[in-house]
Amino acid sequence: MTVVRPSGRAPDQLRPVRIERGFTRHAEGSVLVSFGDTRVLCTASIDNKVPAFLRGKGEGWVTAEYGMLPRSTHTRSEREAARGKQGGRTLEIQRLIGRALRACVDRGALGERTITLDCDVLQADGGTRTAAITGAYVALADAVRWLLARGEISRDPIHGAVAAISVGVYRGVPVLDLDYAEDSDCDTDMNVVMNDGGGFIELQGTAEGHAFRRDELDALLGLAERGIGQLLELQRQALAG
Amino acid sequence: MTVVRPSGRAPDQLRPVRIERGFTRHAEGSVLVSFGDTRVLCTASIDNKVPAFLRGKGEGWVTAEYGMLPRSTHTRSEREAARGKQGGRTLEIQRLIGRALRACVDRGALGERTITLDCDVLQADGGTRTAAITGAYVALADAVRWLLARGEISRDPIHGAVAAISVGVYRGVPVLDLDYAEDSDCDTDMNVVMNDGGGFIELQGTAEGHAFRRDELDALLGLAERGIGQLLELQRQALAG
Amino acid sequence: MTVVRPSGRAPDQLRPVRIERGFTRHAEGSVLVSFGDTRVLCTASIDNKVPAFLRGKGEGWVTAEYGMLPRSTHTRSEREAARGKQGGRTLEIQRLIGRALRACVDRGALGERTITLDCDVLQADGGTRTAAITGAYVALADAVRWLLARGEISRDPIHGAVAAISVGVYRGVPVLDLDYAEDSDCDTDMNVVMNDGGGFIELQGTAEGHAFRRDELDALLGLAERGIGQLLELQRQALAG
Amino acid sequence: MTVVRPSGRAPDQLRPVRIERGFTRHAEGSVLVSFGDTRVLCTASIDNKVPAFLRGKGEGWVTAEYGMLPRSTHTRSEREAARGKQGGRTLEIQRLIGRALRACVDRGALGERTITLDCDVLQADGGTRTAAITGAYVALADAVRWLLARGEISRDPIHGAVAAISVGVYRGVPVLDLDYAEDSDCDTDMNVVMNDGGGFIELQGTAEGHAFRRDELDALLGLAERGIGQLLELQRQALAG
Amino acid sequence: MTVVRPSGRAPDQLRPVRIERGFTRHAEGSVLVSFGDTRVLCTASIDNKVPAFLRGKGEGWVTAEYGMLPRSTHTRSEREAARGKQGGRTLEIQRLIGRALRACVDRGALGERTITLDCDVLQADGGTRTAAITGAYVALADAVRWLLARGEISRDPIHGAVAAISVGVYRGVPVLDLDYAEDSDCDTDMNVVMNDGGGFIELQGTAEGHAFRRDELDALLGLAERGIGQLLELQRQALAG
Amino acid sequence: MTVVRPSGRAPDQLRPVRIERGFTRHAEGSVLVSFGDTRVLCTASIDNKVPAFLRGKGEGWVTAEYGMLPRSTHTRSEREAARGKQGGRTLEIQRLIGRALRACVDRGALGERTITLDCDVLQADGGTRTAAITGAYVALADAVRWLLARGEISRDPIHGAVAAISVGVYRGVPVLDLDYAEDSDCDTDMNVVMNDGGGFIELQGTAEGHAFRRDELDALLGLAERGIGQLLELQRQALAG
């Protein structure tokens, strides 16, 4: 069974992915990640404090915040700061990013400091949360290098890389890395976060329309594993650059 | 490999589940659902309006809200109404419940009305979101019967039952229906929502600690399928009662 | 002058009152109180801290919060947590409950701890604030027993019982314990809180329609005194159970 | 039994009361009322709209808002607009003022318009809510005269005057019109709102310390009746002026 | 070129200005300032604390808050405390007042205390922010005298007086001290804050309609210099009184 | 008198200015403007609605919103969406941007539509508001071209270009286009908005430290006029590109 994707990509083909380090200069890590037309600015900020529940435990914290610029989307969305609160989708995504990155950090080795990953979408074309996780990992790695370079920590607290991709069933065919056109016309989609040991960190599958069968699930997981392998390689290249 | 669960249950054993219909009298559907010591009051309220984005389209809407009474938990949590906002976890859960139940409803057959499912946790002992989905389905079914009985709709808009359960890896062993003691001491857990056609509606797996392998995932899905089968049967019995 | 009450009760007759202790298991005191169809869950939570204005004074604090589940009422009310603030009626009621219970506690004997009474209405049929006060007293008594049993305090800080009832002029006749049908069709109503020494703690009378005369006031107070006497006896029985 | 009041007043003596009409010029009614050092600016504003629940019913609405300037009090209080919400005390008082004034208005004769009474405390020395009600009545009367003078309504919708006073037990003696020094050192106080037919509109008695007996209540009500008689006379003089 | 101002004033004529000290009694400084029909109550409150960013630096702080009573304006404005936030205009004005007054204070000589200037508009007729600055200066001076009189500080931290006025181009003619009628019908207006050394502290000119030329700007500044000279003299007289 | 600016620039020298059109693709106008290291993304979004106060008047509206990404600054600032409100500085700046751009638009020619200019600071190094105005003008021009190209309007509603720059007295010397290092170490600064007819649209001068004399003001205005001339030329080149 074949399908023509709106972008002309093969079912198992990622969009062109770019990872630019040092996009802005104040943050300890600053990465502009692009998955096709989706562009997310991910900065890592180090603060020598931890949240109240961790004080005095000798452990650090990694957390994330997510936002979309009002006109990153096809039609302008209301600015959350003006509305006076972050929406449920925003909170859900930033909780996901935070959990994903904590899963690759030894918080004892980080010491009593917090690294905040701000993921701000400059342009949205589907898959902003997976681009954000993939880019935020690189920003986090840069912030950790900054700490190591200054001797503030002596051991690298990152014990593995993390990347994320979306998969979905588009017109009956499992496809990798949905763009907006596919996402809007797709009953089932799943966001998958994995580490470079091949382990699953997060799996969030949703079928608003047609429920997915176990064999579809298996096909989607297979696509995600391959796509994440490529993203992990691109992260390695970017960090070697 | 064996493990002794804190409750003494077998790995594939649900807690005692109770579904009491008509728990309060004003709502069109009102169900008190218990998964062991977790007790959630699920009410279904019908309103002859739809949100702005659906007006004039001849379709209905199903949505959910979730809350925990301040002392439903081991230690008192701050009341969200007093704090002035709902937390990220609350918003995430109520979005999940809403999506899960919309997945079993033909919104055209419902007509231009909204059914709101309020899921309020009276007592929490793990698995409140899965209990909420399982109970809210029954409350929804009662609200639909109320509409059918009054002739407000002529065709049942529910095209399948929906139930949910949690699974997780507890001390290395995949287990079904985590209670609070297991949940707190468990690296990996997954909430699974399925329909009575065996399709997956939602899958949310999280590994804050150790990432899970593909074979663990398969084992967890198998447990979930069996547990949800039992829940669907209990829903049928409750609705037949 | 006679009147037929919607419920068929005599003018000086309470609705059936039930006080169930231990309704939920985490709270130090947990009482489900019913005045007819009005059902309020009252929990007492102990916290070893006091508000800032009392710190270091060796005194404790007793406070209350009140809420209604969205569908505890005839038509669904918006969830206050979703609206982002508690309404004026809610704040007024929880301030009343707090004052009423502080009036029976020796805060020095309580020591530097706070007892919070959460009164959540599961089903409303008039008189929720008076049911809440009556039930919260029992939950408070249970929490105090919990402290005494563990030796955390050595002397009972409660120096008297507290109960509350509503009275009003319904179709020209003073009646006791208004239900929703009466409340909606009644010009004058008054909530009365008394202790078991026969003293008045709070008196809140309101005449939105016809102003009440001094002789009506006297009749209402007489009814309230008798009703509260019965409630105090029911509290004693519950606590003896 | 005698007591020396901090102000040297007799137990049944009001503070000097002043009612200045036309204090500001934009409002349809604008009154500066003083009960001794308590000064409240009460304005009445007419709007040709009614709240949603009254639309199309041919009835008007009367409502109130209350505020204290930050330094109307002995020590500066935080500005509620800066905190982002009105406190429970504020909401409680403005609800009370609104109910008190609605009790003297025939809302049908008012027609579909809203009169809002803004009561802003310029200087506080106890009894701000009773001064506010007493002054707001005069502002309301002026606004109604404004409507009558322009022929917007043909019949006076006010069917009686309303005034309010506080009473309390100060060092064992019932006294009238508590000032701040008495209020802070007083176990029991009651706010009484009456109309000029001798009827009670609101009665709010609170005993945070010692509960009050029926005979104390009777003495307090007697004092309030006499004090309100004097206030009603002062209102008449002001409106005749 | 001549113009008839709505008030009949000459182009360079201020409205009648009154500065009443001691308008309320609790605040350390309390001034009712009137610029014609614009009346603003300015109170200065001393607090022996400083904001977090100044703690331990031996310096004081001067800050301002601004508000309008709901019916200080021609038509009633919504109460900001009820809306739950201060508007942009309010924040802008209170920031301006705070900066203006900090510009005349030696914060080291003030010591670690905060003086808060609350400027509340009782009646608005244009120029509320300039009246507020002019009056707040006098309230500040009174609060400083209070500190000096009690020996809490030994040296006067005020190193110069501050006053403010508006100027604008009304029907082609530069005029001083715009009232509401002029302000509404005027393309260009500028608020000018100066000290008694002839220096400019703030200059805020806005041309919503026609942009102003350099020669118009010069004329406006000349008017402002003369008007502020008169205001500074009125402040001196008030403080000498 | 000479001074060495931290950047080595001459007193009347702008930083390198870049104006990139089409930076993102969804908005009708999208400009990345850089004043040295200050980078602001300005998008113009067209909406076929106007605010309530303009409905039915045949006029359009131009408005602006401003935000800073949390780590656009040297140290991370709290996200305003997470805090739940926009700060006073943000509101002040976005009001300024809106006024500045409305000053160059014939709102009748625009018709009943709103153009919203979102100015989001990606990297801050002083002068974000002046960069925002300068860039937003170009985004606005692009949005107007978009309307003209589709025939939605027939006449260009822009009647002049608008640009803005800051000037200040740095170590006694008037300088143009302050960067962050200068801004932090500068007593007096002024933001100037002008149109291409040489008229002033906004002038906001602030002296937190030393008040500025008339001759300093004149020098600052002269610098601003020259700097804005260059910015207007760069805007022309960008729009011709």
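The first chain written gets the first letter, and so on, giving A, B, C, D, E and F; residue counts start at 1 in each chain.
Keep in mind that, in the parts below, a contact is a pair of C-beta atoms (placed from the backbone, for glycine too) under 8 Å apart; a residue touches a chain by one contact, two chains touch by 3 or more.
Which protein is which chain? UniProt says A, B, C, D, E, F = Ribonuclease PH.
Since the model is a prediction, treat every value here as computed from it, not as a measurement.
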Through how few touching steps can chain C (Ribonuclease PH) be joined to chain E (Ribonuclease PH)?
2
Residue-number overlap at the chain A (Ribonuclease PH)/chain B (Ribonuclease PH) interface, same or different (half cut):
same
Selected pair, out of C-D, D-E or B-C, that shares over half of its residue contact pairs with E-F:
C-D
Name the chain whose C-alpha centroid is farthest from the C-alpha centroid of chain D (Ribonuclease PH).
A
Inter-chain centre distance, chain A (Ribonuclease PH) versus chain F (Ribonuclease PH) - centres from mean C-alpha coordinates, in Å:
33
Where the CA atoms of chain B (Ribonuclease PH) average out and where those of chain F (Ribonuclease PH) average out, how many Å apart are those spots?
51
Measuring from the mean C-alpha position of chain B (Ribonuclease PH) to the mean C-alpha position of chain E (Ribonuclease PH), what distance in angstrom results?
59
Shared-contact residues (touching 2 or more other chains) in chain A (Ribonuclease PH):
84-85
Starting at chain A (Ribonuclease PH), then chain B (Ribonuclease PH), how do the chains run round the ring?
A, B, C, D, E, F
Name, in rising order, each residue of chain B (Ribonuclease PH) that touches chain C (Ribonuclease PH) in their complex.
24-27, 30, 37, 39, 41, 43, 45, 47, 65, 67, 69-76, 79-86, 90, 116, 118, 120, 122-124
The residues of chain B (Ribonuclease PH) that touch chain A (Ribonuclease PH) in their complex are 85, 87-89, 91-92, 94-95, 99, 102-103, 190, 194-195, 197-214, 217, 221
